[in-house]
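As structure tokens, the structure follows; a few thoughts come after it.
As written, the chain order gives the labels A, B, C and D, with residue 1 at the start of each chain.
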Amino acid sequence: MGRSDALVIAQLGCGYWGPNLARNFASLPGCELRYVADPSPERRAFVQETFPKAIAVDTVDVILDDPAVNAVVVATPAASHFMLAKQALEAGKHVLVEKPLATSVAEVDELERCARLRGLVVMAGHTFVYNPAVRYVKTLIDAGELGDVRYVYSQRLNLGRIRSDIDALWNFAPHDISIIQYWLDDHEPTAVQRQGMDFIQRGVDDVVFLNLTYPNKVIANIHVSWLDPQKVRKMTVVGSKKMVVYDDVAEDKIAIYDKGIDRKAVLGQHMDFDRPMRADFSYRSGDILLPHVQLVEPLRLEAEHFLDCIRTGKEPATGITHARAVVSILQRAKAMHAPTQAAAG
Amino acid sequence: MGRSDALVIAQLGCGYWGPNLARNFASLPGCELRYVADPSPERRAFVQETFPKAIAVDTVDVILDDPAVNAVVVATPAASHFMLAKQALEAGKHVLVEKPLATSVAEVDELERCARLRGLVVMAGHTFVYNPAVRYVKTLIDAGELGDVRYVYSQRLNLGRIRSDIDALWNFAPHDISIIQYWLDDHEPTAVQRQGMDFIQRGVDDVVFLNLTYPNKVIANIHVSWLDPQKVRKMTVVGSKKMVVYDDVAEDKIAIYDKGIDRKAVLGQHMDFDRPMRADFSYRSGDILLPHVQLVEPLRLEAEHFLDCIRTGKEPATGITHARAVVSILQRAKAMHAPTQAAAG
Amino acid sequence: MGRSDALVIAQLGCGYWGPNLARNFASLPGCELRYVADPSPERRAFVQETFPKAIAVDTVDVILDDPAVNAVVVATPAASHFMLAKQALEAGKHVLVEKPLATSVAEVDELERCARLRGLVVMAGHTFVYNPAVRYVKTLIDAGELGDVRYVYSQRLNLGRIRSDIDALWNFAPHDISIIQYWLDDHEPTAVQRQGMDFIQRGVDDVVFLNLTYPNKVIANIHVSWLDPQKVRKMTVVGSKKMVVYDDVAEDKIAIYDKGIDRKAVLGQHMDFDRPMRADFSYRSGDILLPHVQLVEPLRLEAEHFLDCIRTGKEPATGITHARAVVSILQRAKAMHAPTQAAAG
Amino acid sequence: MGRSDALVIAQLGCGYWGPNLARNFASLPGCELRYVADPSPERRAFVQETFPKAIAVDTVDVILDDPAVNAVVVATPAASHFMLAKQALEAGKHVLVEKPLATSVAEVDELERCARLRGLVVMAGHTFVYNPAVRYVKTLIDAGELGDVRYVYSQRLNLGRIRSDIDALWNFAPHDISIIQYWLDDHEPTAVQRQGMDFIQRGVDDVVFLNLTYPNKVIANIHVSWLDPQKVRKMTVVGSKKMVVYDDVAEDKIAIYDKGIDRKAVLGQHMDFDRPMRADFSYRSGDILLPHVQLVEPLRLEAEHFLDCIRTGKEPATGITHARAVVSILQRAKAMHAPTQAAAG
């Protein structure tokens, strides 16, 4: 493709995560990072120094008014995602929006309506769906290697970088929910419950436990916290045949356990209540495999996928459907015991 | 104390855990293990060979009828705990009952009534309360080292030894609940919710997540499973000053983290909503201490405590009050979504 | 086999390791532990209580004089191994001797002479050769899975149980040497050098590094210490195809790494000195496999092997040849710098 | 300090490690990175893009001829270090040379002579001496916290990036030797021996074990390899009072073990040879402390130190004396068994 075919990208926001997005769009072939908007003079100076070919601007208007801009990347605080994405769509730009795409299902629906009207791509920045380790687990599941997936649990824990605009659930759990939804083919949970508590700031939960119940006897549990002594990013998938641990902070991120418990089919034994029931089960405890998974920066794959969807018109892996499921679960995550959630002050 | 003062002990049941109890009572000074009852001829043969001074019997009658027996240790399947403990109390014997003490609060109340009537000791075998590592954490909490305890979470996971008489919650969680209740001074939770699923046997949950909400903004989460690829026995206590991890399978079981997040008291800053709130917090990330904790077999300390309570008449650390709290929580642990609990068959 | 065919065993010494040997011989079918000799009244009392069917004696004479005794197990301090083994052989008994078999090659030769004369079995207690994990690695090597074995290194570290009769090399390294010799088909090293130091007791090295050079460009390094902060028992085998780590204190003891560096055969490239040489190599970094290895007590397998060798007359896996190689290496392990070995006092 | 006071820096070589040096000198206050020389057009293009204020040149002449240049940083292949450093000194420039400073003590002496003549600074890039974790251990030693240092052992292992110009010893061990020399106050070892083997390239050892003997009964052992399944960078210091593990790839890099073995001073006991000697020792196994060590990029501290030494004229911590000791040990590291070192071809 000639340079004249390069997609022109503009990015809104260049704070904590934004520089990573800008770095990828500035270096990917087939696109050009033309603008980066940020209200902070310091951030604009950083942009100018780091991405000398991009123009740092302090307002979105110049971007939306420039007909050369094909797509807008939204990397601003979560509360502004919906409004900026909507404006960009209405200006005829494809959008890639950092997670969460919006703060309610109604907003997601509105973005979908805007995009459909103009045939534009909406993609949410659920990066982990583009993570080779997460994809590897997906191929194991799809190939039937794990048998039936029975339950998934996840811990995403750390000390700090607490936020005031969103709580630990909205900050971290979009990752876990996105991964689980991806693995479970975006089935909708039949029940969503949360337990959490706000210790540091009134009304902003620092720790949340999320319980998801899926059809066909599948359950999931997510534990997120920014008030924890250890850095943990670990997910476990228990299948009827094998089990998998995905530890994002380990050197070897995936471990496949050939472990399980099987019912023995023993003729006529079911009526024999005197025998200890335990004899009816066999425990499999076989090899553990740590497969070599080629490391590629997920954000780069995500950016390439966005460009590819713009060109081909295909639905992104983290498009409206996937993003709506994530927002829907977050929105449904009602506290189990609302009265106790009130901050003591 | 002369041999004539030795307390005479009889034990009911000598299956999986029973031999450990028998070994301790057979070797402790100040007591004599006179009887061990078990319906299985193989187990009685094992008893006779391993504890040659004890008499292996196949029924409890001889024990309850022998006026020389001071105390009865109940190590039978959970369903029979209440009835056997009650018979022993009615026969005038002190009782030490394996966890759980009973299967309902009503049963615990009945045992209390029986014991009060005759001035007898009832003690539940919540061994972890006698574990030096658990005790160490308790002293940290009581000394204010951790500040206010904010939340506790626990994982007790393994592959196998699944049971049919009780589910994973009733099998494992009595340990976690007992420890948490001990650390939190046996405060009663204001809410108890469970999420679980029965994969292997209809109606017997293999994995359960238990959410506890305590007064004063304290929460706890317990995850138990006998269908997990890894062996985990780990509890984390997050306090406002320090945090503690108690890992029962690690060589150094206790780690104290001088970590936390503190609000900065900045004069006049609370009205300045334009500044990012994050600047109002400071992150402490100091030393980690792995204290040397002297290893002593908890079961031995438990057995000694039982003998001591019989002699002095004092309430055991895991007496009726503690045991009732544990049973009460287990009993209150209603599934959040009963319909989904039904086995698919 | 009838009881009359049971081999009659007598054991000399029942101190630190002896009880493990006695437990196995007391419970194995096909043999009878008739005597245990120990000069200490406390140890004899322990023997009488723990192995009620054995006779505790304070001298070896009764054992050597009893024609019913078929075999003698020597578990006394290292310095007495040779003399006791020799007496037992001269009395016509097969012998199993704790490691090291003797303190010099000359002594080993003398034991071989005694045994040959009477057609008796001499076996050294190099337990690790009977360890299923060590055997697993051997099968990998023999099957060519690792390619050519290039080097092996081993760490056997701990704090304490220091001894005064032998140094850390003679105490620990017989294990490492025995394992390495077993893996390398008992090839004789062409060079043996040691570096060590005596910190606690004059003349008794607390830490030793042993360097072994084998024919065909194979090297080995052994690090033993009883003055170390961590408990380590870890061996690494680097082969030209794959590499193996055997960690005896890990839950999964064997890890097979599909890793290596291969020379690329690039036509005509060897003369191109301008290109960086690195391009001539390719790095393989594939899967890691933790195979399930069935745990069986090595000492039980060792004891069974001893009985089997007595019955069949076959050479034990840890017979004279293997034991001589171990003692020979220990004996050859001359300090590299003798003058610095002298204790400062 | 005004901009006119800024020291003008030129760098020779910008390959694997060079960019890190350039990045620091390009961003440090008080200096200006004016030139970067590299023979490769690709590297020069990289320099021009990454450090737009520096001039990429293909020869050193322009640098040595520019009187404005105060100091030269040498980051070329090891074989050229000496010659380039000498040329720079003769041109009146201070030099910072990547490790190793030179390939023989004679070369180091020659560099010292050149520097003394003109009052110039010569500093070797032994980065680890500026590593906060390494410095932390040094303060522990100097404060007597560890008691007498008894022995140190180090493992620096990895798979790959093998080199052809120098072997694994010269590539990795300068780090370990530099750290140990720093900790031991640059005492000179009384003996240096190596065991190594060349598996991949004839004459280039892939794995080396280095044994160092120091005065006063201190020993050290260094194991380096680029042919290992695991990435290890771990050093252990055993002192008479406490022991320290410095694990450079762990999240908490320093662990201080309050462990040791002490001789009991028991009056009159030394003559009692009947008692087991073991009773004369006591084992200390106390707390383990993982101190919080503030992370600062060592290379930045090294670069600042170089600038500071130029300004003040003081001897660098990794100046001639330290660098000579490292080179001397590497040079003395003669193979223990030269014949076996010959590559089999």
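By our rule, a residue touches a chain if its C-beta (ideal position, glycine included) is under 8 Å from a C-beta of that chain, and two chains touch if they have at least 3 such contacts.
Only a predicted model underlies this, so the values are computations on that prediction, with no experimental measurement involved.
Of all chains, the one whose mean C-alpha position sits at the greatest distance from that of chain B is D. Comparing contact pairs by residue number, the interface of C-D is reproduced by A-B among B-D, A-B or A-C, since over half of the pairs coincide. Note on chain placement: the centre of chain A and the centre of chain D lie 43 Å apart, centres being C-alpha means.
Rounded to a whole number, the gap between the C-alpha centres of chain A and chain B is 38 angstrom. Rounded to whole angstrom units, the spacing between the C-alpha centres of chain B and chain D is 53.
Touching two or more other chains at once are residues 285 of chain C.
On the side of chain D, the complex with chain B involves touching residues 252, 258, 285-292.
Within the complex, the chain D residues that touch chain C are 150-151, 153, 159-165, 190-191, 193, 195-197, 199-200, 207, 209, 211, 213, 216-219, 221, 223, 225-230, 236, 238, 240, 243-245, 255, 257, 259-261, 263, 276-278, 281, 283, 285, 336-337, 340, 343-344.
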